[in-house]
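First chain written, first letter: the chains are A, B, C and D, and each begins at residue 1.
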Amino acid sequence: MSEANLDADFFVRWLTAVAGLVDREAERLTELDSAIGDADHGSNMQRGFAAVATALTAAPPATPGAVLTTAGRQLISTVGGASGPLYGTLLRRTGKSLGGAPQVTAAELRAGLTAGVAAVGELGCSQTGDKTMLDALVPGVEALATSFDAAATASEEGALATVPIRAKKGRASYLGERSIGHQDPGATSSALLFAALAAVAR
Amino acid sequence: MKMLINVAETVVADALRGLAAAHPELVVDVEQRVVVRRDAPVEGKVALVSGGGSGHEPLHGGFVGPGMLDGACPGEVFTSPVPDQMARAAAAVDSGHGVLFVVKNYTGDVLNFRMAAELAEDEGIQVASVLVNDDVAVTDSTFTAGRRGTGGTLFVEKIAGAAAEEGLPLERVEAVARRVVESSRSFGVALSACTTPAKGSPTFDLPPGELELGVGIHGEPGRERRPMMTSGEIADYALDVILEDLQPRLPVLVLVNGMGATPLLELYGFSAEVRRVLDEREVPVARTLVGNYVTSLDMAGCSVTLCQVDGELLRWWDAPVSTAGLRWGC
Amino acid sequence: MKMLINVAETVVADALRGLAAAHPELVVDVEQRVVVRRDAPVEGKVALVSGGGSGHEPLHGGFVGPGMLDGACPGEVFTSPVPDQMARAAAAVDSGHGVLFVVKNYTGDVLNFRMAAELAEDEGIQVASVLVNDDVAVTDSTFTAGRRGTGGTLFVEKIAGAAAEEGLPLERVEAVARRVVESSRSFGVALSACTTPAKGSPTFDLPPGELELGVGIHGEPGRERRPMMTSGEIADYALDVILEDLQPRLPVLVLVNGMGATPLLELYGFSAEVRRVLDEREVPVARTLVGNYVTSLDMAGCSVTLCQVDGELLRWWDAPVSTAGLRWGC
Amino acid sequence: MSEANLDADFFVRWLTAVAGLVDREAERLTELDSAIGDADHGSNMQRGFAAVATALTAAPPATPGAVLTTAGRQLISTVGGASGPLYGTLLRRTGKSLGGAPQVTAAELRAGLTAGVAAVGELGCSQTGDKTMLDALVPGVEALATSFDAAATASEEGALATVPIRAKKGRASYLGERSIGHQDPGATSSALLFAALAAVAR
């Protein structure tokens, strides 16, 4: 893992890149959510990350931690649904664990994200294998130990691996057996987070 | 799909403007998406706040008023509102005696209301929450997000609202709400799928000659799909499932609820069949309410909710209520 | 076309059984198809009786009760009831102070009510009739059956009902009803056709991207067909036609009425646009009612009705009413 | 015109034949009403004449006049819509004008029907050329002066002749210009009355 220090600007660029990716992939996310949910995940993520990008551009926070907590707060305040509180908590908890440092290492980011992902599982009473965003977040964070690119790949694979799973959490769980054979929308958007991270780090 | 709208993006805001214009007895914050009674906070009264995705009207905004909710927070169509809305509503209606959040059991609603409770408590507001999970179509197990909240929500909001109006303290209003949840069971059927403004096409495919048994109010799939049944057969099926689970020992309140596009003529005909089944099963009926109360946009279909009630719950059901969507006794 | 029914032949009877089960405060003669207040005849009060084809629920059966109708006669779906029903209803509700028939202007309704009046008068009952013809989509000329009765019927039944409740004699109740008719104008639009149980397929063809402007509540064709419009444009169009004809000098009651399958979310959004237009035209709004009141089975669409009111009519509009479909103040 | 005297039984057979014809043609009548009305004329006529046939079979009245007034009363009590009072009035007024005679001549029937048809026009404020049942009834009654068969033909032609007319009465009048090109359902059912009369007289 590189020793490059990540400053607030890096985090702003990351989340802005997420906003761009989400925008581009919104229809696909909604399509996935249409099959096993309520067909709003794309517009939920779009609304949320658009607000994040606007907020970060208007008044860029000074530290990585502040960027993430600000972004998390925006998601919570604008998304609604299941993904709003979950992604909001992910970013807020990660941001909090980064503290007030002006720059953080990739290892520190990974530690922060580990705490953030744990908070998601706690809030959602969920774990990997439930066919949720955790199935992309957990392997993504693990692979961060190797590299940003490895994290992107691992989370993407994690998202793909949700296809054969029977959902146990969220709206898809109502489908029981019939949730099998569809990729989880939240896991798919989680993979976008890591894809953007890798792209910005390049 | 044609809709009576301007653009999909503004449907919720447009509806709130319309609600405000028609109901001067409500304070409607169109920007922040909060609806509260004009006389809020009501001195000495526990306040009730609910909310959820839009598309289920008159739930919840239409149930704000004396005898029912103090505030409501509409989210995007079929999307839970955000915590800020609920916290804002709580602050607007709290008279110092606390706020009860009435939450339908969907992951999004649960999480957002939980965060709202934290925000409100940070502001020094005492908050209790009750989770409505009356939909017997979903098996409540560790393998699902649990039973969904549907028609039973109306019973909870009405009865707990009356208890609050009577001056009961927060813990007791909360206990009443919980009693209503435990006493309520619902089952819904869809004859057609609904179409959200954002998507513009039906949320699921239902072949011409079939119906979906056990559908959710967001078009979530049900237990099974069958060739079209008569209203009598549907009543038999739905009440079988409900009664097996509820096993009522007390008279029941009956809600025959339209999903949105089913004519009232058909709903009344269906409620005749519901009554027939209850008579056959020797379940005494205390009250019956027929109409479109917890809808699913333009879905055709209906749901039945039973709530078994003792004398006290029945008295609160009968108590005056004055809201846009439900009104009697005042 | 799937429907929540048993068989087409029994929809009206089934609905009446359901109405009876849900509303013990009504006496429902399922066989003879007559619905009356349980406390009828009300001593010293002029009685109001209305009726028409079924499929427009809650009109008229849902408007029977204190403050509105004393009796209602539902016909087959979209078919005027027969004189025997109306005469029977008149006999059941007449306290000796006479009966006012509220008749929507359709040839069938007019003829059957006329015969019913003869039958009732033969029995010694004093009868007056008022013809509701508020639909400005139809040119009232010697070349048509005249304007149709639609949403204005609700205003007539409510306001004349309140006047009767106050103890006014028959000629004066009749005069009040006539004043309301003269003060009311409606215009309806359809986004989709309705399907009658007997026919089982849509009563007219409306291409996917078009709407019917000026539609009747039985799916009668309107003034013109246009490519789909926004709710704002529809409000502009409908109120243009209404205001040109009504030229109100007084504040108006506004009814934003759903045809059956249009979600309340959309109706409220539309009513925001109605209010916008009225504000632009500087027409003061006294009251607004939004909901499904004069429906056309499962038609998607809406109608707007304006009724200009002086202080007296407004007082009667605000007076208590307690029916299945409309209730306030008691 | 034949001098054969028509007794109560003849009138019962006539109206029973109408019931049969209406039953057979119900779908066509509803189809016609679907184009320029509200798609119920077939079921309206079916309901009404089924009730007529039942009533006449249960307790056959003793005179032609009584048969017709009974039948008219049944129509009024069971049909509803525009056609119920109109056809009911047609038969009642005709029956009344036949008085209490146990048998009537064809000429007397024609005179009676003339009164009956006039009553229809009075009740409906309508006249020939308005695209209503009168457009078949009036020529039918006139041709009765010749023969039952001539009446059947004339009323049938009258019904056909409603096609190019613009409706001025009833539900079809709302269509204005667009009512042109469709045959009037009520005129069509009126022609069935004369068709049944001719058949029974044969």
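Everything below uses one rule, namely that a contact is a pair of C-beta atoms (placed from the backbone, for glycine too) under 8 Å apart; a residue touches a chain by one contact, two chains touch by 3 or more.
As the structure is a computational prediction, the values presented were derived from the model and not from experiment.
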| item | value |
| --- | --- |
| Mean-CA-position distance for subunit D and subunit A (Å) | 76 |
| Inter-centroid spacing, subunit D versus subunit B (mean Cα positions, whole Å) | 54 |
| Between subunit C and subunit B, distance of the C-alpha-averaged centres to the nearest whole Å | 29 |
| Per-residue multi-chain contacts in subunit C, two or more chains | 77 |
| In subunit D, residues with contacts to at least two other chains | none |
| Chain contact topology (line, ring, star, complete or other) | line |
| Pairs of chains, among all present, that meet the touch criterion | A-B, B-C, C-D |
| Subunit A residues touching subunit B - in the complex, by the definition given at the top | 30, 34, 38-40, 43-44, 47, 76-86, 88, 123-124, 166, 168-171, 173-176, 178 |
| In the complex, subunit B residues that touch subunit A | 53, 75-84, 106-108, 111-112, 114-115, 138-139, 142-145, 148, 196, 198-199, 203, 216, 218-221 |
| Subunit C residues touching subunit B - in the complex, by the definition given at the top | 2-7, 10-12, 14-22, 54-55, 57-58, 62, 77, 191-192, 208-209, 211, 228, 230-232, 234, 256, 260-273, 275, 285, 288-290, 292, 295, 297-298, 300-302, 322, 324, 327-330 |
